[in-house]
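Data first, discussion second: the structure below is written as structure tokens.
Naming follows writing order (A, B, C and D), and every chain is counted from residue 1.
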Amino acid sequence: MGNILTISPHAFRGFVAVTVPLVALLALFALAVVGVAARRAPWVGSVVYGGTATVCAVVALWAGFALAGRSGAETITLPMGLPWIGAHLRADGLSAFFLLVVNFGGVTASLFGWGYERAQAGGHGSGHGHGDSGPVLPFFPLFLAGMSLVLLADDAFTFLVSWEFMSLTSWLLVLSTHREPDTSEAARLYLIMASAGTACLLLAFGLLASGAGDYQFDAIRQHAPTAGAAAMVVLLILLGAGSKAGLVPLHVWLPLAHPAAPSHVSALMSGVMTKVAIYAMVRVLFDLLGEPVWWWGGALMIVGAVTAVMGVLYALMQDDVKRLLACSTIENIGVIVIALGLALVFKASHTPVIAALALSAALLHVVNHSLFKSLLFFVAGAILTATGSRDLNRLGGLIHRMPVTAVLALIGAAAISALPPLNGFVGEWLLFQAILNAPALPEWSLKIGIAVVGAAVALAAALAAACFVRLYGIAFLGRPRSPEAAGAGEVGVAMQAGMMIPAVLCVVLGVLPTFVIRLFEPAVRAMVEAGPFDDRSYQPWIWLAPTSAIGNSYNGLIMLAAIAALSIPLVLVIHRWASDKVRWSIAWGCGHVEPDPTALSQYSASSFAQPIRRAFGGTVFNAQDRVEMPEPGDTRPARLTVRWTDPAWAYLFTPIRSAVNWLADRADVLQFLTIRSYLTLMFTALVVVLALVAVVRS
Amino acid sequence: MIDIGYDAAHLLGALVLLTSFALLYQRRLFSLLNVFTVQALALSGAAAWQAYAHDEPHLYITAILTLGLKAIAIPVALHRIIQRLHIERTVEPALGIGLTMVAGVSLVTLSILLVLPVTENATALTREDLALSLSVVLLGLLMMISRRNAVSQVVGFMSIENGLILAAVGVAGMPLVVEMSIAFSVMVAFIIFGIFLFQIRERFETLDMRKIESFRGESD
Amino acid sequence: MTPALPFVLIAPLVAALLLVLVPNWRVASWLNVGACAVTLAAALTLFTAKPAATAMLVLDAFNVTLIALTAFVGLTTSVFSASYIGHEVASGKLNPLRLRFYHAMYQAFLFTMLLALSANNLGVLWVAVEGATLTTVLMVSLYRTAASIEAAWKYFILCGVGIALALFGTILIYLAAQPVMGPGLAAMTWTRLLADSAKIEPNILNLAFVFLLIGYGTKVGLAPLHAWLPDAHAEGPTPISAVLSGLLLNVALYAVLRFKMLLAANGATMAPGPLMMVMGLSSLFLAGLMLYRRRDIKRFFAYSSIEHMGIIAFAFGIGGPLANFAGLLHMAMHSLTKSAIFYAVGHAVQAKGTQKIDGIRGLTVSHPALGWGLLAGVLAIAGLPPFGVFMSEFLLITNTFARQPLLALVLVLGILLAFGALVLRVQQICFGAPTGESHPIHGTLAPLYAHLALVLLAGLWLPGPLVAWFQTVAAMLG
Amino acid sequence: MIASVIHQIVQMALVLILAPLLTGWVRLVKARLLGRRGPSLLQPYRDLARLLRKEVVLANNASWLFRSVPYVMFTAIWLAAGLVPVFTTDLALAPTADLIALIALLGTARFFLALAGMDTGTSFGGIGSSREMMIAALAEPAMLMVVFSVAVLVRTTSLAEIATYMMGGTVGLRVSLALALIALVMVAIAENARIPIDNPATHLELTMVHEAMVLEYSGRHLALIEGAAMLKLLLYAALIACVFLPWGMATPTHGNPLIGLLSFLAKLAAAGTALAVFETSIAKMRVFRVGEFLGGALLLSLLGAIFLYVSRGV
């Protein structure tokens, strides 16, 4: 405990290195205080959100410069936390990259949230429970601070404190809607799952620290654990970080908790907090745990593949917009984890360049998903603000009433469906390039297994496209399914701006992906001792041509240019020389002329999913469609009801819950005994222990 | 030759143990109290004999305290209470007498098994005495378990403390502080019991624990 | 020997006698606070004193921290009680006569606990614990309701028997020591015993420890000896619940630990650790399960105390510098947090007019200051950062996992089990639409927030001297 | 460099010109196989021209998306078709996008068409879109598995490289390639809405998929969509030719583009004939059997990939 009060050798340089985020953290805490102190003041929302946006912007910029400038990462020790080691903070490439992601998400979320809360406060909000909500302002900056702190932590204790603090604050944010019926159940499940995850991480770090004899990451790096211990750590990390990231089957809390929060918080939880979990995996598996073994990657890939496919199938089953988005987060996390697994495998087989490719795919997808998932959750928030409903079956035709939102939503949907030339596709492309390198691996099981994983990724991608065609088609296209949807109006400027920024970036990153890849190259280099573009042959900077992908290259910019070069003349030519006449009329629909006012004849969300439900759901979810068809001549509409069960609940969580209840009932008897029985208990305890002593001695 | 000191002490200790068996056996409250009085007498006798044999005058105080409190004051007071409160004079034990006896015997065996091997270097008297007192303590506990009536539970508690005193006097040179503390505690304990018996009486119109324990917390 | 120590004992004793004579309960309540303040001031000076021991009293690193803690919680609780009983009188639950008795007993109770903590003579230690039992029994039955009398009766019988067993253990210790150290006080003086512990017959020590563990363990509330604890907490006045959970349990555990040190010093005895670990884990799991079915808010938190006593017992059971450190820290944190929770609960019960959890909903909406305070307290006791309990649990779990992986898994499972119940209830209590009646809160929330601030501070930063102190004690405990 | 640009431009024009021809050829052969005289080979051109001149009739609640989808879709497929080497591998855009990007481009087209199907809010558009996406969900993985097995062999996904490698003749005959070929053909049939998956000629609502989506389209929009469909057919034919029988194709180093062109025409004729024969000899299957059909394709392609390891120690 020598260095409790003294600062570590590099103190000064270290302080320079981490001082910006430190000050930022303090500022965030200050903002939280303001949020509490001035909660009645009319200006408080603007101050807190504005302040948070500014602080996050500063940190994001700082992280960006740190990455670009390849600035060294010094450790700074604060006299806090565990007495005899203090709190260690450090911002290396990896941390800086994730700091960039997190805080950028923070900027857009605060921007959107500012407008969102004002809209909620102003009349619009009433009707869907946000009317009298609990406090958001104090916890919003704290949540962001917690996430940044996780990324900066450089010893096990600080890491876990900030990790659990992150869960705690987000739990409180979820509870801000505590007046709504489902919230309390969701929040409870969330906090319990989160803490169970933390417990797993706790054990993992306990194991690592016992090897090193110290909780500092440096010490842990120095002492690689034994094979058995390492295996256990991998398992515990998969459980601990996985429960936060939403790996199947630990995902159950996610579709409940993420939607329950206010939309801008949902965006943070889904788009950003899950990434912090990914950071934890990378930090431990690539950095702290030393030389990997191939099966670690194998395990990650299997879990990831299952998660990806299951996640998107869940998403296809959902009728609630935000819940659907949360499920799609599960899918994307699965994809990222697959990429991580590949990177581990290749690192283990000493082909660092390919490992770098896979890791780049993972990190790029981290960026991409944080962008379009925030965007889509903002869109959900906009829809909620405009219509007061999150139920797909009460939406429709919004493209006419919310033109701006509709365009941005389309970008988001296209990006998350991995359509070129948007950013989602680049990530998938890199991932496939890595998958195609499977033959370079020694293990046969992996060669074949990776092919299957590739198929799973492709399946997930295609299903995701279906999922978002469904979302966009039902919500924005067609005819309104409820008066609220018919009467909706475009949202305010702040919210539009909040959506605009990530939307634009989705396009930019799709066209010029190399920029961001170069940005996190130092992080990749630190993890796998190689960069994705090492000794590349001929490409100028706009070409995405990783070494390992032999002769394969992709160029979003040229593709965009080509599309423009082809489509614009096409339009002009046709309109000039062919015809440009338009006649408006009622939809024909195979003679089904008069569009019914209730728009019930439209495909509903559940009917759209029906073919896929029939193809996959039967086996996975034992989903059952029941159609109540009225008698001929009866004018009642036919009703389609869909029932399906989540295997994770059916086979894992419900049994646990009932087991606890059963035990609790048995134990509860002890509360209602007579004094004599209690004395008997005591007496028995005494006699047993005495007998034990007698036995032990003889 | 015969060590008269040892024999006498042994005899008195055995008498205490015997009486606690008798306590287990009793069905009627008054006879219970009488047996308890006998036990207290035996105990004070043991204490006095120790004081004489080992010439430890402070043990006389113990003897007197025991005699005064346990052999006279408490039984009398309990008699009073029972008469004042018109408690039904017989109480059916919760455990069958026979079962209780068996349990008691096995407890005594256990305590002997426990004590004798571990006290090789202590004097024979101490060992005997310790074994006896341990048995008395355990039997007292058994009695508290096997009786439903508040009075008999009080008596059981008292006999546990008798066992403690027996142990204390058995060990050579035990400082006075312990006896004082015991006496003090017994006294306070008795006062409190008294308070309780009256309160319980005025609350529940009975001393049958089953009625008192109808409330077990949360049974709303 | 520093004069401060006897003074720490005399102050509450005198105050107790004095308070018997004060008829006006308002005056009495503030006299009570004053007396506690004096005691605390005296206790704080002990930190500067050198470790010392007389035939009756002892002062070392171990008990000085606990004495200070006891004095501090005693003071804050007296402040809380001063603002609490006003409402009890107003609502006709208590009359001035009873209050006179109550205040005297409060000081007497503090005296017995401080005596137990500073006693060097095992007999005195025993007397003090017995005294603590008697005083609290009387205070638990203060309301004279059927429920409170039943609870007090249960408390008295169980702890009386427990105390008796503890005395038998004490006699056995003397019996074991007497051949070595000769007859007389020496053989009952803890410091002397510790010094020559190696020479003492180990087998008798084993036997003695069994009785002492069962005896004092009853008072700690370790399962299956815990039965008295929930009802005593639930039926007594809330300030008493606060000191019971916050202080009395610690004192009893302190007694057990003293004897554990004796055994450890002997070396040839059985290891006392496993026994404590088993009882600790059983308490943890039993309490964790019981929490799910509780409908009475005070009983609920009483069970949570059992849970944490289990964790602490486990920590000391597994031993080692880190685990002991964690145990001590957890002891301190639990006292502060749990008493804080009971302050909040007391106000909540008065504000809602019921102890049933169903009647106490949406507290953060109806009484924000109280609701968020209670929430913070429960989160702290649930072991969430940035509160101090997290640090102790972190140290305990990581350290255990490094040494006994399976035990650590069991421990974590138990903690999670209880955690689930805590989250379930605290969400019902603090969130959702408020139910039932809602009176304004009487009195101050200062003690609540003072404790929370301390717990938060400890979670973020432990002062160096305190750490050094804990580390020396951890080393003593071996 | 200049040559590659010229080649690229030529190719863009070429696919545009040849696409209707191929469709016409298929129709003609089918008609002959059914014993009819059948329409002229140039009929598709006339249809397109007529549609282009007609006015567009839009549903009242059609949005801007509905009107822009035909252009997006046509462009995407046109670009994709332009990326597949037909007569030479020396194309300017070759490095821009590899096989995966090409598949994704087709995905883009499908995505927007499916959206357009839902825009007017009629039930039939919904039927079409949902079924189309379900089919795609299985077709795309199968396609990517084909790519995978080829790439495992050739160690690249750039079409130019694949063609060059295949022409090298070092590959020889392989089980896995045969499996991949079958899988690719099955996917092609599904993607082009041919029998047995779908029937471009039918308008029986309950069975149609592709037609249901474009039900509300008319005039120039319909022309673009039809044209896009023709391009797609050509694209798949060209793709199969390029990957599995690239012989005769020119490369930057040697070979004559003209010969490449002639050989490509021959390949197209053969492919068209084969398709016609296949379609006349089989009946359409129920929509929900499609899953099994494409699942089979997926498994075949996966099998192909695995066989590669067995047959050759890569």
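Going forward, contacts are C-beta pairs under 8 Å (C-beta built on N, C-alpha and C of every residue); 3 or more make two chains touch, one makes a residue touch a chain.
Keep in mind that what you see is a predicted model, and the values were worked out from it rather than measured.
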Reference subunit A; chain at largest CA-centroid distance: B
By count of C-beta pairs in contact, the leading pair of chains: A-D
Separation of subunit B from subunit D, taking each centre as the mean of its C-alpha atoms, in whole Å: 100
Whole-Å separation of chain centres (CA-atom averages), subunit A against subunit C: 44
Whole-Å separation of chain centres (CA-atom averages), subunit A against subunit D: 36
Interchain centroid distance [CA atoms averaged], subunit A/subunit B, Å: 69
Residue list for subunit A, restricted to those that touch at least two other chains: 671, 673, 675, 679, 686, 690, 693, 697
Multi-partner residues of subunit B (each touching 2 or more other chains): 114, 117-118, 141, 144, 213, 216-218
Multi-partner residues of subunit C (at least 2 other chains): 153, 157, 161, 165, 203, 206-207, 230
All touching chain pairs, where touch follows the definition stated at the start: A-B, A-C, A-D, B-C
Sites on subunit A touched by subunit B in the complex: 671-676, 679-680, 683, 686-687, 690-691, 693-694, 697-698
Of all residues in subunit C, those that touch subunit B in their complex: 121, 123-124, 126-127, 130, 134, 137-138, 141, 144, 146-147, 149-153, 156-157, 160-161, 163-165, 167-168, 170-172, 174-175, 178-179, 182-185, 187-188, 201, 203-204, 206-207, 230-231, 234-235, 294-296, 299, 356
Partner subunit D, residues of subunit A touching it in the complex: 396-397, 399-400, 410, 414, 417-420, 425, 428-429, 432-433, 435-436, 438-439, 444, 447-448, 451-452, 454-455, 458-459, 461-463, 465-466, 469-470, 472-474, 477-479, 543, 545, 549-555, 558-559, 562-563, 566-567, 570-571, 574, 578-579, 581-590, 592, 595, 599, 601-603, 607-612, 614-615
In the complex with subunit A, residue positions of subunit C that touch it: 153-154, 157-158, 161-162, 165, 203, 206-207, 210-211, 213-214, 218, 224-225, 227-228, 230, 270, 275, 286, 289-290, 292-293, 364-365, 379, 384-386, 390-391, 394-395, 397-403, 408-409, 412, 415-417, 419-420, 423-424, 427-428, 431-433, 459-462, 464, 467-468, 471
Subunit B to subunit A touching residues, read off their complex: 94, 107, 110, 113-114, 117-118, 138, 141-142, 144-145, 148, 209-210, 213, 216-219
